[in-house]
Amino acid sequence: MMHEFKINGEMVEVTVARDGQDWLLGEYQARVLTDGRIMVHTTDGRSRIAHSAKVGDVWWVHIDGHIFCIEKTEAGSADGDSEGGMTAPMPGKILEVKVADGQTVEAGELLLVMEAMKMEHRIVAPTDGVVTKVNFSMGDQVQQGDVLVEMGE
Amino acid sequence: MMHEFKINGEMVEVTVARDGQDWLLGEYQARVLTDGRIMVHTTDGRSRIAHSAKVGDVWWVHIDGHIFCIEKTEAGSADGDSEGGMTAPMPGKILEVKVADGQTVEAGELLLVMEAMKMEHRIVAPTDGVVTKVNFSMGDQVQQGDVLVEMGE
Amino acid sequence: MINTVLVANRGEIACRILRACSEAGLNSIAIYAENDAGSLFTELATIAVPLVGDTIGETYLNQQQILTIAAEHGADAIHPGFGFLSERADFAQAVIDAGINWIGPSPHAIEMMGDKMTARMTMKAAGVPVIPGEEIESEDEAGMISAIVEASERVGYPLLLKASSGGGGKGMRKVEDPANLEEAIKGARREAIAAFGDGRVYVERLLTGSKHVEIQVLADTHGRTIHLGERECSVQRRHQKVFEEAPCPVMTDGLRARMGEAAVMAAQAVDYVGAGTVEFLLASNGEFFFLEMNTRIQVEHPVTEMVTGADLVREQLRIAAGEPMSCGNLMMRGHSIEVRLYAEDATNNFLPAIGPLAVFRAPTGPGIRLDTGVREGDMVTPNYDPMLAKLIVWAPSREEALERMRRALDEFVVLGTTTNIRFLRELCDNRDVVSGRTDTTLIERVWPNGWTPTYSDSSLDSALMVAAVSESAGLHRTQAQKAESNDGPISPFQTLNRRYP
Amino acid sequence: MINTVLVANRGEIACRILRACSEAGLNSIAIYAENDAGSLFTELATIAVPLVGDTIGETYLNQQQILTIAAEHGADAIHPGFGFLSERADFAQAVIDAGINWIGPSPHAIEMMGDKMTARMTMKAAGVPVIPGEEIESEDEAGMISAIVEASERVGYPLLLKASSGGGGKGMRKVEDPANLEEAIKGARREAIAAFGDGRVYVERLLTGSKHVEIQVLADTHGRTIHLGERECSVQRRHQKVFEEAPCPVMTDGLRARMGEAAVMAAQAVDYVGAGTVEFLLASNGEFFFLEMNTRIQVEHPVTEMVTGADLVREQLRIAAGEPMSCGNLMMRGHSIEVRLYAEDATNNFLPAIGPLAVFRAPTGPGIRLDTGVREGDMVTPNYDPMLAKLIVWAPSREEALERMRRALDEFVVLGTTTNIRFLRELCDNRDVVSGRTDTTLIERVWPNGWTPTYSDSSLDSALMVAAVSESAGLHRTQAQKAESNDGPISPFQTLNRRYP
C-alpha cells in the first residue's frame, strides 16, 4: 500500500507490502503486535518496538527514543497549511506590531510580540521576504491558529 | 435502565435513571468522565472515582480500593454455570480421585487432587451432598472449566 | 493538631501534597476549576470541591472563594503548594485570621523575602553575601529608565534586569549591550506589571559562568532551623530550571557547611518557619551570593528527598501542626537528578505546546520516581503551566544517575503532544553535563542557534515505515477512542509550524 | 570485561537486569518463548531472540539452546535471574566451559548450597547454627517413610518436611499430627520428584512463632565479602513470601552484627562470589538458625537496595567482570517494604488466577518503586509464575512506610484478572503487621478460615451502580479493544467459582 506523508516539511511516498503477518519495506520488516505497537526488524538484525498514535492527520511515532510527527496527506492534494503565514501558536494578545504592510524584512527579524500563557512570544520572519498583510493590531485578542502576518517573496 | 446482575452468587436488579449528564440511583449520583471512568457522589458528600472494565459478561469495578466482579445476566435467563459442579480452575492433570459415584460427602471433604502450574490443588466439596458423577480418573489431563465432579443433594 | 488540609493548588504538586496528607492519615480537600474536573489530583483528596469561575483569578487565585470553601468543609490547614498563592503574604494573613493553620512561613517572612529589594537589604544586614547590584525604587517608566541607565554604569555589563516581585523568569531580561538596555527595561516592566501588578525592576551584575546552587532549609516552632544540603539547578531555559541535581558536582564539605550556615542565617533573619529554599549563585572561584529565598516548597524538592531521605512535605505538615520536625542529622547518600518534562517545542525556542496525551507511558524500575499530575488520555491545554511531570532518578553515584536518567528518558513515550523529552535525553549526553561543568548559560552556550534532534537515517526510515504500517493496518481506527476522547476543537497541528518535538 | 549480557530469564526480573545492563552501557540479549513475544522484557534488550519450543523445558530451561544463542550473538556473560536455571550448577559449569562469564557464584558453591543436606552439614562445620533436624538419605518411598517416621520421634512435632532440592514451597509439608505424617511424606516426595526430579526429603523441627530473617551478602573476586543487612520476610502464604521489609522491626545493632558475621562465614565457607542471600529463622528468644542460602539474586532484593543505597544487580555485573564491588560501608537508612502482587484469588486459598490486564494502573509518587514485567493489555496466562509485580515503598520510618504502602495499594487498579491487592492492603492494617510482631504463621493465624474482604454497603452499592451506569452508557463497546485484544478462548469467569478478588 502506498501512502503519502509529509515530514519536516517534505513530502515522502512510502509503500509497504503485506506478507502474511509481516509488512515489508525494502529489507525492513515490521509486524503489528497484539497491543497495537509495532515491531520493526532492520537490516542490522536489531528489532525495536515502536509506538504510534494518530492525532488528527498526524501519526506520532516513538522509536529509538525519538519521536517523529508524520502527517498523512491525500495523494495529489494541495500542500495546505500555513506556508509563508505566521500563525498564533496559542490563544493570546498582541502586544506590539513591528512591521507594516509592504515592508521588506530579513529572516529572523521581529514581526510582532504577543502574550500567551503569561509569557511574551516573539514572532519572527522565517525567511527573507515582503510583508503582504498584517492581520492584527496592538491589543487584539487572537485565537490559536490565526494567521498573524502574511508574507510573500 | 434496569439491569440484572449477579454478584457473590446472588442476583440483583439495579435500575439507574438518566438526568442529562448524570445518572441517578436513589440518592446516589454518577457521571461518566471523558476518559471513561465514573465519578460517584454518595449521600455523605464524598465523591469517588471508579474504574470499570467489562471482560466477557463481567464488569470489574474498582472503587474505594476494592474490586467487585459483577456479572451481567440476561433478565429471566437460567442461572447457567457450574452450580453444584466442581470445575478445573486451570489446565492440569488429575493426581488422585478420592470419591466415587454415589458417595455421600461432607462440606470440605477432599474430592480429588489435581496438579496445575506445578502446584497441587485440592478440590473439596463446597457443601454436604452426594457425588452424582466423577468425570475423570487419575492421570487424566483436564482443561480449564472442565466439570470434574458433579454433586446433588 | 491538624485534621483536614485544603490544598490550594492543582496538578503534580497537588498530587504530591494530597498523597502526603493521605499517608499522614489527614483528611484533605482538593479545589478545582471546571477545566480541571477529572484531573488526577481531584481523585486523591478526601473530597474535591469545584471552584466557580473561568479565569485563574476567579479560581485558584481567588482568596475569598478558597477561604469560604475551607470554612464550609472544616479545613483547619491550607497548603498552598508552589506558584499561585504560595508567596502571597496577604493570603497567608487572611488564612491565619480565619483561624486556619497556614502551611508555610509567617506573612512577615513572605513579605520580607518576596520583595527582592527588601530581601537583599535584610540579607546584607544579616551578613549574607549578595550580588553587586542596585535597587531601583522609581515607579514611573521614564524615571526608572534614567535611574537604571545611571546605575548600569556602576554595576557593569552584562547585567540582569529583574522584576522586584518576580519569579519564574517573568519580567527578567539579560542585557549584554547598552544599546538594548532601554527596550529591555520596557519589556521587563511591562511583563512585571502584567504578571505581578508591580512594575518595579532591579538591576544586578550578571555573573556569567556561575552555578545556581540552592540550600534547602527547614525550621520548626521548637527552635530548630537546619539545612538539608544543596541542589544545583544551573541548567535553565528561559530562566526556568529543567535539570536539577543533588549534590552539586563541585561541592565540598567545607563549602556546603559555609553555604548551609549562610542559608540558616538567612532563614533565622526573618524568623522563618517551615520549608524554604535559599538560592545562591556560586561563582567559579568558590564565592557565593544570595539570590533570593523561596518561601514555599520548591518544584525540585524531590532531589533533596532522594539524597537525604527526608520527606519535606510530611515535615511541612508536622511543623504546621506545631510538632518538632522528625529530621535527624544531615546524611546525604548517592546522587539524584530531576528533569522537568514540559509540553513544549524544544526546537522552537521552547514554545509551550498543547494537545492530547494519546500515549503516556512512563518508565519504571529501580531508582525512578515520577511526580506527575497527568495520565494517558488527559488533554494538555494552554490554561496552565506546561510542566507535565518531574522525572527523578537516584543512584549510588552521579555517573550511574545519569545512566539511569538516559535509560528512563529512552523508555518514556509521550505521543500526541510535543514534549522536551528528547531534548532532555540529549542534554544527558552533553559533555559539560557529564563532567558537571554546568552553569546557568549552558543551554544557550551549547545550542546558540536552538536545538534540533540528531537521529540516524535508520530511525527516520523506520518511523516512516511505522506510520505506513499503522495507516495500512488501520490502527487509527482502533485507537480512535484515545485521540478523540476530548471535547473542543483544539488541534495543535494546524498551528505549530514545526513538528519536531 | 563484559560487553554483552544474555539474560536467561523473563518477566520482571529480566526487565530489572536488562535495565541495569542498559544503564551500565552493556549490550544485552533477551531470549523469549513464543508466548512471551511482545512482553515488556523483550523490548528492553539490545536484541531479543526467540526460543524454539513449547514447554518451559524446551525454552527457558533448555541449556543447549540458550548456549547456542549466546554463541551466535556473541554474549560474553549470562545472567540467570532467579528461578529457571539460576541455581543449576551444571548450567553454570556449561556456561563457564563455553568461555562465557557466569553472573553468579561458582558451580561448586551452587552445588554445596543447592542440596539442603550438604548445605546443613557445611554450615555446621563452619560454625553457623542450624535448625535441629535430620537428613533422610533414603531414595525409595517405603524406606523414606520408615526413616522419617523414626526421625520424627527425635525431631519432635510440629515438624516440616522439605524437598532436598526444593525451593519456592514446592515439596514442602507441615505436619502437626503424627496421623498425617505418611500422607504428607508421599505428597512432598511426589511434588519434589515432579518439580526437581529428586524425591529426597528432609525433616526438621518447625520453629513456630519464628521470624524469617535473611542477610544479603556480596562477595567480589578481590577478597571482599560483606553483608548488606537483613530483610524480614516472615509473612508468607503457601510458603511463599508476600510481604518483605528491611530492616527487621525487632533487629538490634548487636544482633545484626552477629547474623551478618554468620552470613559472611557461610558465604566464605563455599568461596562465594557475587550476590547471595543467607536465610535464617530468628526465634523469639533471639537465637537464629541457618535455613538455606540462595545462590542468586532474590525476588525481594529491592528492599535492601532502598535502605542501603546499593544497586545489587549493577554490583553483580561489576563482580562478574572482575571489578571490585563499589559498595562502601553498610549505611542503612529509613524503612522499605515490598509486597508481591500475584494474580491469585486470596479468598480461595490463593489459587492462581488468569485473565487479561484490561486495566493496570500503578501508583506513582515519592518513595514508590514498581518492578514489573507487565503492562495494561497484557494477558496473564497459566504458563508462568503468577507474580505480576513487586510494589516497593521507602519512607523515613516503618510507620510512614506502612502509610505509604496503604496509599499506594489503594491507588493500584488492576481489572480483568483477580489479584491479591486488596488482601495486601488489609494485611497492612493487621495489628501484628503494624506492631512488627510478624512471624511465619501470621497469615494462617490471622485468617485460619481464609480471607474475605470487608467493605461497606456504600462501596458495594456504588459498585453496583457503576456497573449499571457502565452498561447503560455502553462503556464496554468503547472498551472492546482492550478486553478482546487477546487471542484464545481463555475466559476465567466460567470457571472461578468465587468472584471476589
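As written, the chain order gives the labels A, B, C and D, with residue 1 at the start of each chain.
Everything that follows uses one rule, which is that contacts are C-beta pairs under 8 Å (C-beta built on N, C-alpha and C of every residue); 3 or more make two chains touch, one makes a residue touch a chain.
Computed from a prediction, not measured in an experiment: that's the story for all the values here.
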**Request:** Weigh A-D against A-C on C-beta contact pairs and write down the one with more.
**Result:** A-C
**Message:** Taking the mean of the CA coordinates per chain, how far is chain B from chain C in Å?
**Reply:** 49
**Prompt:** How big is the gap, in whole Å, between where the Cα atoms of chain B centre and where those of chain D centre?
**Reply:** 29
**Prompt:** Which chain C residues sit where two or more other chains touch them?
**Reply:** 361, 375, 410, 478
**Asked** Going by the touch rule set out above, which residues of chain A reach two or more other chains?
**Response** 36, 48
**Asked** Using the touch rule from the top of the page, what pairs of chains touch, sorted by label?
**Response** A-C, A-D, B-C, B-D, C-D
**Fill in**
In the complex, the residues of chain D that touch chain C are 15-16, 19, 22-25, 44, 302, 305, 309-311, 313-314, 326, 331, 333-334, 361-362, 364-372, 375, 395-397, 400, 403-404, 406-407, 410-411, 478, 481
**Item:** chain D residues touching chain B - in the complex, by the definition given at the top
**Value:** 170, 187, 190-191, 194-195, 238, 351-352, 354-356, 358-359, 361, 382, 386, 409-410, 413-416, 418-419, 421-422, 425, 453, 455-456, 458-473, 475-476, 478-479, 482-483, 490-497, 499-501
**Request:** Could you pull out which chain A residues touch chain C in their complex?
**Result:** 1, 3, 5, 7-8, 12, 14-16, 18, 23, 25, 28, 30, 32, 36, 38, 40, 42, 44, 48, 50-72, 81-82, 86-91, 95, 115-121, 126, 144-145
**Prompt:** chain A touches which residues of chain D in the complex?
**Reply:** 37-38, 43, 46-48, 375, 377-378, 485-487
**Item:** Partner chain D, residues of chain A touching it in the complex
**Value:** 33-37, 39, 45-49
